[in-house]
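Please read through the structure below; I'll follow up with questions.
Letters A, B, C, D and E name the chains as they come in the text, with residue numbers starting at 1 for each one.
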Amino acid sequence: MIPVDDYLFLSLALFTIGVIGVLTRRNVIIMLMSIELILNAVNINLMVFSRMWGTVDGQVFAIFIITDAAAEAAVGLGIILAFFHNRETVLADEMDIMKW
Amino acid sequence: MNTPYFLEHIWLIPLFPLLTAAVMLFYGRKLANNIVSYLCAGSVFVSFIFSVGAFFQLVAMPQGERFFTKLLFEWVPAVPYHMFDGRLAQFVAGWEFQIDPLSAVMILVVTGVGFLIHVYSTGYMALEGGYYRFFGYLNLFMFAMLILVLANNFLMMFVGWEGVGTCSYLLIGFYFHRKSASDAGKKAFIVNRVGDAGFLLGIFLCSAVLGTVRFSDIGPALHAGNFQKGDPWLTAIALLLFVGAAGKSAQIPLYVWLPDAMEGPTPVSALIHAATMVTAGVYMVTRTNAIYQLAPKAMYVVALVGAITALFAATIGVVQNDIKKVLAYSTVSQLGYMFLACGVGAFTAGIFHLMTHAFFKGLLFLAAGSVIHALSGEQDMRKMGALSKRIPVTYWTMLIATLAIAGIFPFAGFVSKDLILGKAYEQDVLLWAIGYFTAGMTAFYMFRLVFMTFHGTSRVDHEVEHHIHESPKAMLVPLVILAGLSIVGGLVSWPEILGGNSHFVHFLEPVVGMAHQSRIEPLKGPSSRIGEINLMLMSEGLVVLGILFAWYLYIKRTELPAKIAKGLNGFYELVYHKYYVDELYDALFVNRAKDLGLALGWFDTNVINGVGVDGAGWLTRFVSRASMWWDTWIVDGSVKLGARIVWVLSLPVRLIQDGLVQSYMLFIVIGLIGFLGYYFYLAHHAVH
Amino acid sequence: MQTLNQALFIFFAVLAVASAILMVTRRNIVHGAVFLITTLLSTAGIFLLLQAEFLFIVQVILYVGGIMVLFVFVIMLVNLDVSMRQVQFNRQWFVAGALALVLAGQFLFAIWVGRGALRLPAMASEISPKNTEAVADALFSHYMLPFEIASILLLVAMIGAVVMAKRRAG
Amino acid sequence: MGHLIPPSIMPFVLPVLYAVVIVAVLPLLAGYIVLMERKVMADMQARLGPMRVGPHGLLQPIADAVKLLLKEDIIPDKADRLMFWFAPLVSVTMALLAYSALAIGPAFQIADLNIGLLFILAISSLGIYGIVLGGWASNSHYSLLGALRSAAQLVSYETAAGLGLISVLLLAGSLSMKDIVQAQLDQGVWFGFSVPFGFFIYLVGSIAETNRAPFDLPEAESELVAGYMTEYSGFRWSLYFLAEYANMIIVAGIATTLFLGGWLRPGARYHEHIPGTGIEWLDALPALLTLGVALYSLKLAPTQPVKIQKIVMVLVAVLCLGVACVLAGALFAPPAVMQGIHGAFWFMAKVFAYIYAFLWIRFTFPRYRFDQLMRLGWRFLIPLALVNVIGVGVAIVLRQQFAWGPIVSLIPTTLATLGVAMLLAKDDAPVAEAQTAAGE
Amino acid sequence: MSDERTTKTISGMDSVNTTVLGADEIILNMGPQHPSTHGVLRVKLKLDGERVAGSECIIGYLHRGVEKIAEHRSYQQFAPYVDRMDYVAAVSNGLGYCEAVEKLLGTEAPPRARVVRTILTELQRIASHLLWLGTHALDIGALTPVFYCFREREEILKIFEKYCGARLTTHAFRIGGLQYETYDGFEEDTKRFCNDFAHKIDEYETLLTENRIWVGRTKGVGILNAADAIALGVTGPVLRASGVKWDLRRAQPYAAYDQYEFDIPTRETGDTYDRYVVRMEEMRQSRRICLQAVENIPTGPIMARIGKVLKPPPGEVYHSIEAPKGELGYYIVSDGTTQPYRVRVRPPSFINLQAFDKMAKGALIADVVAIIGTIDIVLGEVDR
């Protein structure tokens, strides 16, 4: 029997790594991938609690989250592609034209 | 009386050529050659129709009132200024067209001969490149010339004056890829500048002395100013204006450009350098005759210069071998005649000669062009001969023109020339003698030209021989018309002594009225009539002698001219090289001008550039450096200080708003930490 | 059975965390993507352990087989060489890392406080045969509206992606 | 034997055994599919094909394998070594992993997952990473282009093929391979006949998914040399090759299971017995067929030119004879065993028939251009598949509401789909407007 | 898109010599070692995405100085060399050369020789077109036709072999006529081949002509309109597919072509499909000519009476024939010695290759292969 805590620790670890990735990496694609990692960590939590309560609601939410991730990836990568075609960079700290 | 239509719309006459010139120069490249021809010749023809209309409407007016002006618009509004004598005057100039008998004659000549030459050109230029360009320039010239003769004031006249000069330059240099042509163009332009400077000074002086630049106001101004005959101011004005006239009309010492101008296409030589532009000087002197008549010294100068030029050019013409050069010197010579006429006060005779000269000299040039055309571009008379059968129309028309210029009874030249000689005889026998002798020489060299070209044995190059052909109709028709005019042109002013009534002279009299009424004595009684007849016979005799002499030398004893040339070696060389005038000018003016240029260049480099500009630059740098220090530390410094203060104050806000998504995310995390901490805090309290 | 599950969990968990760390730290994005795929597959394995086999399949097909293919695709389209030679971490990396660890600490604290309180119910010995049907039932009855909204979201995302990635004419 | 194995391990024994067998046999099978391909190609092209190694080239695959394994393993200088090494493994691993849910006969299956079909699809969709990463790691333009094309193609046609499968899932009501076969037995018709358009779409989609002609753009020789495999050689290359053929077997297996009745014998509901025995007529068919092959081989043996070839031919005959014996012997075994063995036979026969269709298509058609391929996928197959799925849904309603028969209820669907297909085909006229527009 | 904002190498693409120009432009080298450049042609493609923005053919990898060699060989000695130019249509090469020298000498081959020459040349045309068809189909991805084509080509090569002993570089003709009398059964072999071949062409057409994929790959690809074709000097089937009815066999008949009836197939669009159709029809017409010719081979000598040592009078001659690929011309200058002073060859492939850029502009990379195939080049002839 694996206690819920173990899953939560795993989820926390992935979440933290994802947050660090989003906050520190310059490459936008890696930032997006880190966000996927965060979403994944969330999914683990949902799954665990779904299992714990014996319902499938958590799984349904996980499906929604994956849907969301798919949409986010499509749009995000589209933006990155368009940005790359225009500015030839994928670095987040060079994308500051919205400042003013 | 209603305002006559053509007079009211006199300004349309120059407008038509201007419009077509604009079309040609802007769009001509895209137009087909025949469209260009129709447009250009057509516009000149319309101008001619308008001119004829204007002429007849002018004639329809009563004798003394034949004067009409049309103000198109103000150009220079009234500018008040002080004249030399201290009176206040207004400097006014407008685009005002004036038509009186003189102008009427001029526009008829210009548009009529101009139209014929246009027609001729369509044939002559048919195979040349830049067809549209040629016609564009030609029409532009027509415009300028018409402005010149229709001008009511000096300023507007000057526009036309310079306009014809420009077109002359452009057309002389029409074959600009040929260095000699472009040089000739430049030469014409520069030499004319000398004359134009005089002309311009004359205008200034005129406005300063007389207080007006309007022609029609000069007479009243002279009256009002109460000038005496021989007034030095008036003499000065007249001489200055004559400098301009001499430049434009190729008189000594400014004649040198005209022979070189023969580099232009032959129709150009005919139109500009024979019929119209070069006569502008004569026209201008005539137009201002009121001043001249009060300046007898100036008039004598005019007459003398004219006479000397006539003789001088004629001698050069005798030895030239280039057919167009001969005609060019002949033109110079004939222009000398016209000035002679003006100088002796026979302004009407001058203008009359101007008109007949336009006919026969235009014809001569056109015929010469036809010859050149037939000989595929050959201009050297030594390589011609025996062409009379090959190109009969050209031959006969040219012969008529030659007879006319030689002054054979009853051709046009006879009438006008004898009118001048008659007047000259009355004034000064010396002048008459020069003119008389020149008439003989004219006959000689003109028939020399005819004989060398059309008679004797053929000296044409073998290759060219095959291609000799009569010119196309477009060229021949103008020849025939001009030949007709050359024959009958004299009739408009047939001398009273021969049963005529001198219509033309009388027609012009209102313009030069003063001359005939008071200042110059009228011809004296019947005795003078006999004198007139005698003079005519004398000149006829000399002319016939000249012709016979030419026949003897160039038909009968063709080896003689060379011998004579050898015998008179030094003199021949001198004349053949046109008295070394060009070389003299080179030595005196051109090279000195170049020296001056070099000296100025040195001055520019070392004094102006070195001391002036560089020194000023150094000074400026020094000052600006000081100023920069001031700007940087004091002016900018204060501004920057303000900016720095704002910068410091805005630091917290700006640090947050850096546009980087990751910093914003960092704040999200900080917020999350805060919320969690707060939550823990609450939970802690809830527990306890 | 217990030990097997335990072992599998540890295996998947270690694999997931290790490759997640590698993903975040790799210089080469393609390697990063591969490590992310590994993490996702490990997570899928954990889903399987949690008897959510439909989610396992969704995770593999959608996440690994779909989304990550898209990522790899885009990575290959954008210029790799340049970004590999550049500095990989931004200027705020130290602060950000520290704050992330603080956040993690807070969560850790929360979990630690409540440790042992939550336990999974006894696991059925076999994988529930009804899982897929149960998810489907929930999805098409109770969560019908969110499901439709999600589908519209996908449609919008699809159109948006096409519009953005499309090359402008000329 | 049962007492030697601890009971806790017992459930894993058979699957592990199967897994080992599959991993061991599959390369050999792939090799022989290559031989089959070459022989079929030769036959279609009026020539003989491999004849030198072994009788009728029967040992050719082994020679090929030896050659490939002995070849120098070249890694390009600027390649990404890790990925270059890793990518073929991904490809082949995923291909082999997919077998775990494939039911070769009622008995031979590693795991009967209740999401079996989805599992196979999921796993085989991961194979793309092998191609993409391999193409990228090679650091060659041809490879990268091939890889990207492959990825785009796979993603596009996976959709179409998946929609083709959904029509069957609707009819079968299950994702388990066994249940699907059972449904076909229950309904008395192979789904390939009740939803022909689903079958057609899956056929086209599966050809495209396995990058076979006429959809072999990622490795189109005349354009991209060898696509993503350009820089590979030797053993790594053979791994890709193995993966490709393994994938062919998998899609064939899926098609067999879903559309061709899986391990069901033709006439599975026809139970006429041979008089006097408990054996059905049709059950004797496999044994007789293999016996025929054995006898034919035996007859050919003396004509072989070399002695060793004669021996090999005889060995082949003996092998076939042995198989025939097994098949015949199974007739007398308990029904479960009999069905297991015969099921495997029929399954493999159908798989090979399906693969034969692949080869047939490959040698008949020219290659599509990439834009044409994409157009076919997105503008023809996917709309058609959607129509088909909706049609099948309607058919199920018809069946449930009006109790129409399993075939009759699908006839309107098939006709409607046929109409849509013709409409779409007309719309998809094969005119390359592409160049005329851009060429100006 | 020609701004070279970032000219750099994409992830070490040095291996294929590819640089990136801007975000979407790349230069791609096809060949000289590429499976579908038909020999050692090198094509430098400038790609805008997948579209060809410009192309440059780089040739010369197979240059052997054939024209220079001619200046150091006697007229007869040079004859075998011409077979090595368009080595898949050696007989046609030989015909052009022999007739050119005959023209220079002022003689003519006897009627029998002329008819046999016609038959062999037309068979060679069929063989050349078969080879083209097979490889072209292979380039587009149809794997099977090539074997069928080679099967029929084999029959032709067998006839050649029986006639003169060689299959590929035959050196079948001699200056002044033929070296060998036809072998026994030559007529029958030819007739049998022609009769069988009718069905074989139908077979190829079954595989390709109405095949949806084939049509999709070839229609509208590599369009060359008539004006461009003429401007570029293109000849042969490529020209005729653009709608220009020009065939030297009809325009200035040589050998015995004036005696036979045949059509000159043309098409309108000038795309790859049209060139395919034209060549297919040409094979039928060649078959028709062969059948007519073989029915009525005149008897008589096979060699004109010319000396052993050929010394053509000083002068020059240009003679061209309709080779399978287009106008093959020989320009020979004689200085009166036994060796030509200069031989210049006008090879059809070389000239036709010029049209490549025109055809390829705007096409996709995949079309480039089809376009190279459709021009039907032989590098031996292009490079000489």
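Things to note:
The criterion applied here is as follows: a contact is a pair of C-beta atoms (placed from the backbone, for glycine too) under 8 Å apart; a residue touches a chain by one contact, two chains touch by 3 or more.
Here the structure is a predicted model, which is why all the values come from computation and not from measurement.
Minimum number of contact steps separating chain B from chain D: 2. Note on connectivity: the fewest steps through touching chains from chain B to chain C is 1.
Interface comparison, C-D versus A-B: the higher count of C-beta contacts falls to C-D.
Relative to the centroid of all protein Cα atoms, the closest per-chain Cα centroid is that of E.
The distance from the centre of chain C to the centre of chain E, with each centre set as the mean of the Cα atoms, comes to 61 Å. Between chain A and chain C the centroid-to-centroid distance comes to 7 Å (mean Cα coordinates, whole Å). Chain centres here are Cα means. That of chain D falls 43 Å from that of chain E. The distance from the centre of chain B to the centre of chain E, with each centre set as the mean of the Cα atoms, comes to 73 Å. Looking at chain C, residues 54, 66, 77, 79, 90, 92, 96, 99-100, 103, 107, 167 sit in touch with two or more other chains.
Annotation for chain A: residues touching 2 or more other chains are 19, 23-24, 84-85, 88, 92-93. Looking at chain D, one finds that none of its residues touch two or more other chains. Looking at the complex, you find that chain C touches chain B at residues 90, 92, 95-96, 99-100, 102-103, 106-107, 109-110. Listing the residues of chain E that touch chain D in their complex gives 11-16, 18, 26, 28, 34-36, 50-51, 137-144, 147-148, 151, 207-208, 211-217, 219-223, 361-367, 369.
Residue ranges on chain A touching chain B, taken from their complex, read 19, 22-24, 31, 92-93, 95-100. Within the complex, the chain A residues that touch chain C are 1-10, 12-21, 23-27, 29-30, 32-34, 36-37, 40, 43-44, 47-48, 50-52, 54, 56-57, 59-60, 62-64, 66-75, 77-82, 84-85, 88, 90-93.
Note for the complex: chain C touches chain A at residues 2, 5-6, 9, 13, 16-17, 20-21, 23-24, 29, 32-33, 36, 39-40, 43, 46-47, 49-52, 54-55, 58-59, 62-63, 66-67, 70-71, 74-75, 77-79, 83, 86-93, 96-97, 99-101, 103-104, 107-108, 111, 115-116, 118-123, 131, 134-135, 137-139, 142-143, 146-147, 150, 153-154, 156-158, 160-165, 167.
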